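Take a look at the structures listed below.
Okay, so chain A shows up in both of these, paired with chain B first and chain C after.
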Partner chain A sequence: MKVTIKRWNAVAAWRWDMPEDDVCGICRNPYDSTCSKCKYPGDQCPLLMGDCNHSFHMHCIYAWVQQEASQERCPMCRQGM
Partner chain B sequence: MADQSILRITRELRDIQRGSDLSIAVACKDSNVRHIRALIIGPPDTPYEFGFFEFSVKFGREYPTKSPAVNSLTTNGGRTRFNPNIYAGGKVCLSILGTWRGERGEEWSSAQGLESILISIQSLMSGNPYENEPGFENSNTDYDKKNQQAYVAKIRHETLRVSVIERLEGYLGINKYNGSYVMPYTPDVETDNRGDMGFEAAFEPFKDKVKRLFLWYYDSYVKAIDEESKKHSDGSRFEKMPFEGTGNTMEGTFQYTDLMTRLTVIRMRLMQESDGWVTEGKIAASKESSLANNLQRQFEQTVELFKKNDAIALDLELVDSNPFLWQLVLFGRPMTNLDGGMFRVKIYISPQFPSELPRVKVETPIFHHRVSKDGQLCFLVQKPDELCSYVEAIVAAIEDENPAYDPRTLVNLEASRLFWGSVEDRKVYSRKLRRSAQDSSEF
Partner chain C sequence: MAALHESPLSRESLIFSSVFSLSAATHTTPTPLSTPDLGSIEPGQSFGGVFGSNQPSQQQSAAQRQVRRNLAWSSATRFLGQFALEDAMKGRPTELRGMPSDVRDAMEFLLMGGGCPLPESNEESLVDWYTNEALRRFVVDISPELTTKWRADFDEHSTWHILIYTTSKLVQAHRHLAQPLKDILLPIISRPSRRADDAIEALTTLPIISRFNRELRAAFVQAVDAGRFAEYLEHLLVDTGRKLFSIEGRGNENGEGPELSREEKQKIRERLTTLLRGIGSIGLGGDKSTWVVGAAMAKLLDNFVDSRHMKVDWYTRNSVVRTLKHWVKEGYMRYFQEIMACLEVESESGPQPSSIPPASLQRCQEIAINRLGRARVADLFDFIVRWDGSLGAIRDLKEYITLPGARVHLTHSFSRQLSRRLLHAGATTSDILDVYVYIIKAFNELDPKGVLLDRVARPIRRYLKDRDDTARIIVVSLLKDVDEIIADEKTGRLDIGGNVSKQIALEMKYPSAHALQEQDYDLDWGNMDWTPDPIDAEPEYKRSKSSDVIASLLTLYDREDFITELKDILGEYLLKYEDSDFEKEQRLVELFKVRLGEDKMQACEVMLHDVLESKRINRDINASINRENVRLGSELNAQILSSYFWPPLREDAFRVPQPVHALQQRYAAGFEGIKDMRRLQWYPALGQVEVELQLQDREWRGDCHPWQASVVYAFDESISSISGLENDPGRSTTPSRTVEELKIMLQMDEQLVCNALQFWTAHRVLVEVSPGIYEVQETLPADGGSSGDKAGGSGKSASRTAPPLHTETGAHVSAVKSQEDRLMENVDIYRHFIVGMLTNQGAMPVAKILMMLKMTMPGGFPFGMEEVRTLLGRLVEERKVVGQGDIYSVSKG
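Moving on, here comes the complex of A and B:
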C-alpha cells in the first residue's frame, strides 16, 4: 500500500530538563510551571541553577538575592550563589 | 501581582492539612489566608506532652522573601512564659523569624515556610527547655540541675492546667471553680488585636480537634497528674528561674488535686456531649432533616460496600434506627490475634457534621495499643466528611498489626509499653490481646 501525505501539522511539547515532580524551593510551583508572577511558562520565566546545584525560577531567586538579608546566598543551602 | 504570595500560602496550608503529621494543625478564615492559626501538640516525653499550644501566623505581602510574624496565643492571658523563647507576651524568639539574633545561616530564607517554622517552634518544646536560654546551654552546676528539674516540673503543671484543662473548660463552658455550666468564652484572645476582639474570640478552628485529642490522651494526662502529684504537694510554689524577669515569668502553685477533679469533669462533659448528639440526632431524624437523610443514605451505601468486601467481616446497624448513632461489630480475622473476637464499636455523629467530626468508642473491652482503657480508638481518617471512611479507618486501626512507631498514637499506655517492648513483652501483649478477643464473644 502506498500512502501519500498531503498535509501535516507538527505538535511538540517541551519541558525543562528537571525531575518531573520537583518544585521551586521559593514559590513551591513546579519548575515546568511559572514563578508566581508570570502567566506563561517558557523562556520568559526561565530557571537558574546556582553553583550549589539548587535551581529556582529566575524571578524567584532574583527577588531573594535582592534582599539585603539574603547576603546573596542560596536559600536552600546558604552557600554563595 | 501583590497577591503572588497567596498562592504559596494556600499551597502550604493544603499540604499541612492533607499531611499526616498528628502534632500540627493549621486553619484560617476564608476571608483572610494571610492570617493563619496554628496548633502545635506538645511533643511526647517532654513537659509539654500532649498540651495544646496555639499560635497566630501573619504573612505579609513580601512573603516568602520576608518571614511571617508569629505570636503565641497560649499564654494564660499574657501571664505565663511557657519557654525561655516563648514569652508571656506572645513573642516567639527564633532566629529564622528574625526575632532572635541567629548565627549566620540560621536566619530566614525564602526556602523556609510555615511547616518549617512550626517544626522549629515545636523543637523549642524540649525535654530540658532550661538550656534554651542563652548563657544556660551548658550550665551543669548542681544549682542548674536543680533548676532544670524545677523548671520542667512547673511547665508540666502549667501545660496541663493552661493548655489542656483551661482550654477545654473554655470550649465546654465549664466554671472552673465548681464545675457548673457557664457561657463559653475563649481564654486565648489575641492580645495584638483588641479592636476586633469579639470577632477573634469566635474563631476557634481547633475546638473539635482538641476535644477528640483530649479523649485520646486522657490516660496520659491522668498518669502525669498521678506521678507529679506525688512529688509536688498542693499549694507549693513554683521556683523562679534566674532568667525569668518581671512580667515575663511562670508563676503559681502546684494544684494537682484540683487539676485531677477538673480533668474528670471535662471528660464527663465530653461524653455527655456525644450522648447529646444522639438525642438531637433522633429529633433531626424524626423531622427528616437533610443531614439525617444524607446520613441514612451514607449508611446504606456503606453497608452495601462492605457486603461486597469478603475480606472484612463486619456487621453495621443504626442503633434505634437513628442515623446519628452507628453500631459496628467487627469479627476478628481468623489466624490473627483477633480470631474469634466480636468487637462492638459505636460511631457518634454530630448534628453539626461535618464541621464537627464523629467520635468513636470501642464498647467491647479489648487490650490493644490503639484502644484506650475507656474505649477511645486512635484512628486516622482519609476522608473526614465521608462516613464509610470512618468504618474503613476503624477496621484498619483495630486490625493493624505492623504500625509505624509513633508516640502520638499510643493511647493505651500499658498495651503500648508491651507492644513496643522486648520480644517477651510483645508475646505478653499478643497473649493479652488474644485473651480479650476470646472473652469478647461473651461480652
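Moving on, here comes the complex of A and C:
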C-alpha cells in the first residue's frame, strides 16, 4: 500500500518566547494576553524588551514612559529605558 | 250523581290526608239530602226571602243561623259537588249553567251574607271547602294515573312525551277544577254593585285564585315527582337549545342526525314554547323552574363552548370570541328570554320586554368568555407546543385574561401542566428549550406586557438551570444552521436533533420581529397599542427582559458561565469546520457582544480572529515553502491559535509521519521568521487529514483524524525498512503490525491506536489477521465484499458532514473526550434501566430502546444506536439479555 498525504490540516499555538507564566510587570496580564487596551494579542499588541532585559507589552511601557514620574526608567529595575 | 255518592270516602280521605296537609281542619263531603238537622226550611225553598229581606235579629241568632247555614251548606256543596271532574276530563259537557236560584241564594248567604264563617269559630268557608274538594278530586281522579306514569322507568327519548302528557293533563285538570271557582263562586263574591271598578274586583278575587292555585300546585308537584320533572325539563331545555343552535352531540355523534332545517327548528321551538306555556299556566313555572332554567342555560353554554362552533381556528388563526359574543347576544340570550316569557305567563304582566339590559348581556358574555377561556387554559400546553398554528387559541384567551381571577387561574393551571408534562426526566433539554421558545412567543402574543410570561417562565428557567447540558445546547443551537437541522430531521438523524433546539436555531436565523422594537416601547407616544401595565405587574418588573427569546436564554445563567460554555463550543466549532468563512460564528459573537457586554467577549473575538488570520499566514508560509521545494506531494495548513484565549485542548502527543513532521518544522521556521519572538507548539491530535491510499486492486481517498492518518501511514510500503522492525521477508509489501508495535513506533496512546485500527478495519483498508495483529488488505476478497468500498471509500466527503455513522462504530473519539467518558460514567444507570425496561415491557428493537433512554434519562442520553448496541452487547455477554437480530429481550435462563 502506498500512502499519500494530500493535505494535513494541523493545529498549533503560538507563544511569546518568554518564560511561561510570566506576566507583564505593568498590567499584570500574561505576555500571551494583551495589554488592558488591546483586543487581539500578537501582532497588534507586541512585547518590548528594554536594555535591562525586562519585557512589557509595548502599549504598557509606552504609556508608562509618557508619565512624567517614570523618568523614562524601567518600572522594574529603575534602569533607563 | 249516583256515581258520586258511591265513592268510598273513607279511603279517599286517607289517601288525601296522607298526601296533603289540609288547608281546613276538617273537610266534609257534600252534605247528602238526608242530612237530619235541616231545620224548618223545606228542601227546595228559596233562601232569598230569608236572607234578602228580613235580617235575623240578635236573639234569633245562633241557633237559627246555624240551621240556615247547614241548609245552605248542604245545598251549595251538593251543587258544587255534582261537578264531575272525571266526566269533564273526558270531554263531557259539565252542567254548570242553569244553577237553581235557591242554590245561588245559598251560596250568596255562605259567601257574602250571614253564612260567612264567624270569627273565632271552626266554620269552614265555602271557598275553602271547594278548594279542598278540588284537591280531593285531583288526588282521586288524576293523581294516581300520573303517579304511575312517573314511577315507571323511561329513557331520555320519552322526556318530551312525559312532559307534554303531564303538562296537558295538569292544564286540563286545573282548568276544570278552577272553573266552578271562577264561574260560580267568584262572580258572587265580586258581584255586589258597590264594586267601583275592575281593580277592586281584582283585589278581592286575586288572593282567592292564587291561594287556590297554590294549593292545587302543591298537589300537582306531589303527583309528578318534582325532582324528576325538573330534571326532565332541564334536559329538554338543553336538548332543544342544542338542536336550535346545531350543537353536535358529544360522545354520541352517531346518535345525532345532521343539522336540522329551518322548518324543523321552528317546529321544535313551537313545541317547546307550547309546553312551557302550559307549565307556566299551571303554576309550575315558579321559582323552581327558574332554577331549572338557570341550570339548563349553564349546561347549554358549556355545550356550545365545547362544540364545533368554538373549535380553535387552526386555519385563519383568528379568535372565536367574537362569534361567541354574537351568539350570546343573538342566540343564547334570546332563547333564555323566550323560555322565561313562556314560564311567566301566570304573572300575566303582559308581554315581556324584548330588549336585554346591557349589563346582563355583558355579564352573560363574560361568563361565556370565562367558560371558553377555562377550556383553552385546560389545553394550553398542547396549544403552546403547536405554536404558531395554535395562534387562534392564544388569541381566544386575550379577552379572557382581562376578567377577574383569570390571570391567576391561567398561570396556576399552566404551571401545573408544565411540571406534569415537561419538567421531568423524560423530556430532553432540547425539548424543554423548544417549548420555552414557544412559550415566550405565545405569551408575547397573549400578554405583550410580559407579566404572565414572567410568571410561567420561572419554573422552566429554574429547571433548565439545573440541567448540565442546557448552556451547551443553547450555544450549539445558536451556532447550528437551522437548515441543517431540518435536513437531519428529514433523513431521520435524530441523534443530532436531540442535542439541538431547532426553535433556538430558527430564532437565530429569523429573529422574532418584536425583539427589534423592544426598546422604549412605553415611551413611544405615537404607539397606538399602548396600554397601562397590568395590575399584577410587580414594581421592579421589566418587560423587555423576558419577551426577547435570545435574551431570555442568555439570562438563564451568569454571564461568566455562559461565556465559558460559549468559548468551549466556539473553539470546537472553529477547529472542526476549518474551511468555513465563519460567517455565522461571527454573527453569534457580535450578538453575544451586544447581549453580554463587549468586554466579556475578548476571548471569542480572539479565537475568531485567529482562525481567519491563520488562513492568511498559511498562504504566506506555504508560498515560501513551495518556492523552495515543489516536489512535496502534500500541503500543510495550520490553525495558529493564541493559546491564552482558547479553551484547554487535547494534548495527546504522537509521532506524525516523517514528511509531515518535516513540513511542520519548516512551517514553524517560516512562522518564527515572520513573527518575531514567537514559538509554535503543535497539537498533533487536532486537525484533519486527507489521505490517498493506493492498494493493489483499488484506491481509497478520504478524510480522517491525524492519529488515524499516522497509523495508516505506518503501513506504508516505504516504512517497513525505516521502522527497523523485523517483518516476514515474504510479505514485505504487506507488513503486519501489532497494537504494541504501533504504540511504540508512533509513541501513541493505546486508545488512539485502537481507534485508528478500527477505523481502517471498518473501511476494509486493514484487516485483523489474528487477534491484535493487523495487515493491509491489498485485495478485497471476491466473495461477499461490499462493493461500496471498491468505489473509493468515503471519497471526498464534504468537510461539514460527518462521515457515515457506521465508519466510526464502537470507537468514537472526538476532539472532546468527555463524550465517551460520560457513557462509561453512567453505564450502570443505563444498564439498569435497559434491563428493567426489557423486563417490564418485553422485547424491544434497539431504536426503541434508544428512544426510551433519550426520553427517560435525566439530562438526556447524548448517544446513538451504536452506544446502545455496545451496552446491549455487554449485557448479552453477561447473559442478562438475549438478542435476536435487532430485537433484544431479557434472558429467561
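As a working rule, the second predicted complex is superposed on the first by the 79 of 81 C-alpha atoms of A that agree within 3 Å, B and C clash if a C-alpha of one lies under 4 Å from a C-alpha of the other, contacts with A are read in each partner's own complex, and residues count from 1 in each chain.
Everything that follows uses one rule, which is that a contact is a pair of C-beta atoms (placed from the backbone, for glycine too) under 8 Å apart; a residue touches a chain by one contact, two chains touch by 3 or more.
Not measured: the values here are computed from a predicted model.
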{"item": "Touching partner for A:N9 - first (chain B), second (chain C), both, neither", "value": "second"}
{"item": "Partner, of chain C and chain B, that touches more residues belonging to chain A", "value": "C"}
{"item": "Touched partner set for A:S70, first chain B, second chain C, both or neither", "value": "first"}
{"item": "Touched partner set for A:C27, first chain B, second chain C, both or neither", "value": "first"}
{"item": "Contacts of A:L47 with chain B and chain C, given as first, second, both or neither", "value": "second"}
{"item": "Chain A residues contacted in one complex by chain B, in the other by chain C", "value": "none"}
{"item": "Complex interface listing, chain C residues touching chain A", "value": "575, 578, 602, 605-606, 609, 633-646, 649, 656-657, 659-660, 663-664, 667-668, 671, 675-684, 686-695, 701, 706, 709, 712-713, 715-718, 733-734, 765, 776, 778"}
{"item": "Parts of chain A lying in touch with chain C, wherever the complex brings them together", "value": "1-18, 30, 32-34, 39-43, 46-47"}
{"item": "List of chain B residues in touch with chain A within their complex", "value": "1, 4-5, 7-8, 11-12, 64-66, 98, 104-105, 107-113"}
{"item": "Residues of chain A touching chain B in the complex", "value": "25-29, 36-37, 60, 63-64, 67, 69-71, 73, 75-76, 78"}
